[in-house]
Amino acid sequence: MKPADLIVSPGPHWHSGARKTTIAYHTMLALVPAAVWGITQYGLDAVRVISLSIACAMLAEWGFRKLVRKPDSLADGTAALSGLLLALILPASTPWHMILIGNVLGIVVGKECFGGLGANPLNPVLVGYAALRITTPWAGHLDFDLALINYQLGYPLEFPLAVLRAKGATALGQFPLGQLFLGQQTGGIGAVGMVWLLIGGLYLVLRGFAPWRIPLAFLLGSFVTSGIFWLANGELHASPLFHLLTGNLMIGAFFLATDPSSSPVNRWPQLIFGFACGLLAILLRAWSNYADGVVFAILLMNLCVPLLDQLTVKQRHAPRAAVPSALNPPATEEGAAS
Amino acid sequence: MLEATLFLLLLGLTMAIILAIASRVFYVWEDPRIIEVMDALPGANCGGCGYAGCAAAAEAIVSGKAEASICVAGGFETAQMVAAVMGVSVEAKEPQIAWTSCTYGVGDADPIYTYNGARDCRAAALLYGGSKLCPIGCIGLGTCAKVCPFDAIRMGADNLPIVDPQKCVACGTCVRECPKDIITLTSSTHRIVHEYSTDECTAPCQRTCPTGINIPGYIRAIRNGDYAEAVRVIKEKCPLPLICGRICPAPCELECRRILADEPVAINPLKRFVSEYEMGTGQHIQPYKAASSGKRTAVIGGGSEGLTAAYYLARLGHDPTIFEAMPELGGILRYVITADRLPREVLDHEIAGILDMGVEARTAQVLGRDFSISGLLEEGFEAVALTIGGFDSRKILRPGADEQPLAGVRLMFDLLDAQARERPLEGGRHLVIIDGGLKGLELARAARAEGTETVTLVTHRPADDLPSELRDYRRELAAEGITVKWRTRVRGLRGVREKLTRIDYEEVDAIAGLEPERESAPLDTLVLAAGRLPELVIAHEPIEEAPQAEAQPQSQAPATAGEGPAETDEPPAWDGRWRTIETFRTLPGGGEMGIFTPPEPGRVSDSEAVIKSILSGRRIVRGIQQFFAGEAIASPPHPVVEADTVLDVDAVHHVATSHRERAPLPHPTAGTENDWTAEEEVPGLDEEAARRESQRCLACGLICYRKDVQEEKALF
Amino acid sequence: MSYMRDFTRGLWDELPPFRMVLGLCPVLAVTKSAEGGLGMGLCVIFVLTLSNIIVSALRRVIPRKVRIASFIVIIATFVVIVELVTQAYFYSIYTTLGLFIPLIVVNCIILGRAEAFASRNGVFRSTLDGLGVGLGFTLSLTVLGSIREILGNGTWFDMPLMWSSFEPFTFMVEAPGAFVCLGLMLGAMNAISGTRAS
Amino acid sequence: MSEIPRMLIVLTLICAACALLLSGVRSMTADQIERQILVNVQGPAVEGVLEGSENDLIADRRDVRVDDRELTVFVGKRGGDPWAIAYQTSGVGFGGDVEVIAGFDVTSDEITGLRVVMHKETPGIGSKVTEEQFTKQFDGRAIEGQHAIEPDGGDIESVTGATYSSRAAAEGLQKAAALYDEVKQQVLTP
Amino acid sequence: MEILILVITALLIKNILLLQYLGNCPFLGVSKRMDTAVGMGLAVVFVMTLATAITWLVQKYALDPLGIGYLQTLAFILVIASLVQFVEMFLRKAMPALYQALGIFLPLITTNCAVFGVAVLAIRNEYNFVESVIFAIASSAGFALALVLMAGIRERLEAADVPAPLRGTAIGLITAGLMALAFLGFLGVDNSLKALTQS
């Protein structure tokens, strides 16, 4: 059978005209600075987690597609990207079985069961992470204070958000904002290199590989919400800037919330989605059992995406409200390339 | 213990009383039958009836807006239950199932693009009609399986839908949702009378075969070793496989796509192989036969066309009786074709099989001598098919040459003969001559001179093709009492008992989109320039509808047919009036025009080959079936015509070449080489060769074909 | 032969939670452990069989309009009996199943069998049907419970199975694990029967 | 219209028959159920605080009336003589009542132990009051005394992050101690 | 504030459908399309609130005084079944428009274990009447919320290339599992809010 030159794929299609694959590789590229920062901090342990995670993700996707007799799709790079992202929010000491199970659950249950790329209602990376997080006996491996106890890094080895939880905002003097910004804090391998994530994120946004509205609204949402808390009780709640510069917030805003198939397609829904993610993240940080609520905030908002998308479609009086975005005139990737 | 019992007793009582009161207080009158009908309906809310769910359908039934048999999903049983509630009766309908027509999965067919979009055919079809190069191919995303409310469709390994006949209730949801019309509802009846349209996937051989046998289908069955299935596939379209297997000219083989690689597949020898396999079992493989419809039909003529018509009429349950002038059935097959080409035991076996299907035959019955059309109609036959083919047109072998096959219908040969012998022409009062030549004009003038009141010359040819005497002197001829009609064909005849009364004309080559002009005129003698009245079916003319039928022949005829005599309890009084029903013969406005086509030089019969007479036989049945069902008698919407090349493949790739299997030479009689007598039969393929040959078939679709065909040497 | 069929139907063709996809709530809730699954299954067998018998015996007495209400009362009675008996004699099962014992009363399988089978067939056949469907239900629940307990707790019927340093994957015994595990099992069943069909 | 009465009769009769059946089963199982609850809910706690008793603690329970309410007292015996008593009280915790059983040595007037029977505290945080690390602090304390947690000025170390739950447990003990004299008197006088 | 915590707990933190495993059969059945999901959600809110209120009264004023608490299951289910039927008849007469919208879902509710479960839970949690009613409203709203979110996702899945064996209920269950996973993010929020009110 002669291969077809024209490839039609589901939306959303960014105006860059790049292939899905290109987006995945560019996103990985954008994550390189943060990953390198993590490696400089944790050395070979970080290399181990990252490489194992990428391998597990790719293996999971390859194996499952083999099982259901679908063509192999490793080349599109999205599995590798998932593996990388999961590794970057895990601590460097994560044991191998957690990396394996997190990736398998994320890729198989979170993505491939739904039909693979473009069909997953939730971000597979977050599905994998959340499944590990709710497994109580494993929580210790994800508790940065316990997990990173054996490292000597020259800055306080306490997870800033856990400190905030336990002792309130007054105890945060040991975390100067500048230090946080430079990534000198404990946390996921790549999730704390704030300046590097910001650089990578801006690269994606400026190149048009990620929609700018989601990260912007995300940061704005968390800033406003944490600001309100802060103004209400400055002793108990940390400043908005502290919140922006800790935990998974930056990686969440730029890399996790922008997963194309689990985020809205249209403008207003993107803004609402981003803002609500930020808001929920801060609420969960303040009140839930988890020190960092970013993961669950994004997951919860992922669930609302179909509703958000319908919101605008109806406004436009489009007749096919129920039909997914792929029915918007399918852009042909080759054809749209300019 | 006491309080527990009392408590529950009270609670139960209270609840029951409250409900009882509530059912009074909040009583809303509703036709109780609605609930009963609802209970009878399957409750799948499939929408197959056209109403929004079963509740809506029940309401519609009770309010009289819908019929009791509206639920296709529930089938006859449900219809009976509903009818019992409504106090009406329903007739059984033949069960239908969904039928998928595409045989090549997305992975095997050539794509125009790779589709990774929404997994929904309707979405994919929006872009260039789907990802397949083939414009009518299945997109394979399984929308039909998703929408099926009865879970009767699943997607096979090659992404083609597979219908579970047990679960399918023919609700039609898949048919409505499939953007490519891959799925149709069909029944055996449907398939018997089906004519291919360009919307269907047909292989080149299948399209070329006049009867449209599913050739790839039966070769596949042979490849699988299922010879009985192969016979069944053939008999779907052709009831005479033994005969065709020997004497068919096999035009299919000329179109076999394998020619592009090497030699055509031995299609006809394979047919002969399986039909001989059937004969070898000593049994007849008889496919599905519908229950009797209670209607009787007569077929005049027991040749290949008549046998075919009778066979399919029997399968449709219309109780056919063949009337044959000769002492034995077979027509040209028996009395013209030599026994070395067609051994008589083969013919007898084939005919026995047809009679086996429930066909009655009366031999040595000559039309006009032993029986008449009106007599048949009076006897209770509801349709009479004339399949007197080549015999009649040549007037050979016909005992009693004076009898006319049909009252008032004469051959030009008769008139010319009479003229030459200076006998009276006997043109009657209203004479119609179907001829656009000078001979016709000559006869017309002679008839006028003899006292015939009106003479009409009718030809389907356009004016430009006519001799100038006819074309340019039309007005002068009219003054002579001779009307010339060009671009006109005969749509039908009417008669009373043994007399012709009227003739209906229709303009040919009507401009597309315009109703062709129609006209009706009195008639008592019809003269055919040549040929015969092929594919002609005669039936009662409904008494009260007769005057209207003249005004609106097209729409009236089918509509009234449904309320034919059989449905009333008492047989209606018949005043002897009959009419012809126009069966689907040819395409309107082109192609072969049957009765109007002058015979070609050297043509033995009206059909050049048995396979063509089978086609016309089946088309007669199609017409009768549509007539009985009260449908409009028409060709399929986009019929395949001979010239059609929907999409053609001009080269095949990745096909290993191989040689066509040949029948082994008959063993030479002792001493001499290749010296066999004419009586000794030419043998066919043996099983091994047939299986090998069946491997060579590319199993073509419209444009798809097997690209991995290897010569499988290790088969045995 | 057809009696056999009444019994075996519930074991594969109409295997309750997987084929009929009914009665999912207890399936999800009590299969944190194999014991819970087995206990629930046994309770269901008891209620299902006895209510089938009574419904079948009374099928000609009960007027059509109060059919459902009567069935529910009959079923509820047996559920309360189960509730009392487990509480008195099988206390650990009673605490494991908790709220889900009374909830048997709204388990669609039981009402479904009463309505679809017992109210139309004789007592003997209804008994077989109840036993078969109940047994299928029990087997399914025990298997699901075993999987979840072994992975999520490292034990099987409370017997430790795993090595000492095993950190159980408690995701499996949490709600998400229940749904995902049942979904995947259902998928596996479909795949198996798909292969069988073709 | 004979349908409605028939409906009523059948439904009512079924209800009554079911109720009759059930009340029969109920009366057969009632004692066993009560015993099961004692054995399974309070049993382990009672055994814990009355460790070293030689009698069947559940069987040798006694109901006494203190402050106008029924109180089930478990009596531990050694060599046929009661040496300790235990009974249930509760304190208000974070998620609801924290039910505790406190055991008291009637010979030395010391606390033999405290066990949490039932609680609705946050798993992993408040639920730590059930752990031995917390409850063993009460062992061997003299009944006379304050039994308050640190934040309230006492000497009992509260569980980290679970002040409410710890306070509830202590509150339960305080209530039990308050009843001690009267209960002891009633139990020991046959 | 107590009420708010009760509402948030029932709606999000202990969502009856996703985290208490109640009412799954209708959940998987009617979550295929958005409009039916909304209809079913409304019907459940309506019936569950009414049922919980009535069963609470039955428990407190009939079962408890008579000392026949063991008949709870039987009494409740009888009341609920009758109530559903009553509501159906009432709606049909009094509010035909509403009946058109909710009518077909009402019979489904009789066997919806969430209705029964919430009624029993309200008693087991020892709520007073007002709390019971609010608990019922919040629980049913949680049911409706999960139903609507699920319907949104499942409508999208219609067009997805879900592996054949997983299509239908299987993928519905997996989706529900992932929803439950996300909802677990609210774990602990009730305690934090409680602490907030108590401090």
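Labels for the chains are A, B, C, D and E, by order of writing; each one numbers its residues from 1.
The rule we apply is simple: contacts are C-beta pairs under 8 Å (C-beta built on N, C-alpha and C of every residue); 3 or more make two chains touch, one makes a residue touch a chain.
Note that this is a predicted model, so its numbers are computed, not measured.
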item	value
Relative to chain C, chain with the most remote C-alpha centre	B
Chain located farthest away, centre of chain D as origin (C-alpha)	B
Centre-of-Cα separation between chain D and chain C, whole angstrom	35
Distance from the mean Cα position of chain B to that of chain A, given in whole angstrom	64
Mean-CA-position distance for chain E and chain B (Å)	59
Distance between the centres, which are taken as Cα means, of chain D and chain B, whole angstrom	88
Residues of chain C whose C-beta touches two or more other chains	66, 69, 73, 76-77, 80, 84, 174, 176-177, 180, 183-184, 187, 194
Residues of chain D engaged with two or more neighbouring chains	7, 11, 14-15, 18-19, 22-23, 26
Overlap residues in chain B, where contacts from two or more other chains coincide	4, 7-8, 11-12, 15-16, 118-120, 123, 154, 157
Chain E contact footprint on chain B (complex, rising order)	3-4, 7-8, 11-12, 15, 18-19, 22-23, 25-28, 55, 118-120, 123, 141, 146, 154-155
Chain E residues within the chain C interface of the complex	18-25, 28, 70-74, 77-78, 81-82, 85, 110-113, 115-117, 120-121, 124, 163-166, 169-174, 176-178, 180-181, 184
Sites on chain E touched by chain B in the complex	62-63, 66-68, 71, 74-75, 78-79, 82, 85-86, 89-90, 92-94, 104, 158-162, 164, 167
Touch list for chain D against partner chain C, complex	3, 6-7, 10-11, 14-15, 18, 21-22, 25-26, 29, 32-33, 36-37, 39-40
Interface residues, chain C side, partner chain D - complex	58, 61-63, 65-66, 69-70, 73-74, 76-77, 80-81, 84-85, 87-89, 91-92, 94-95
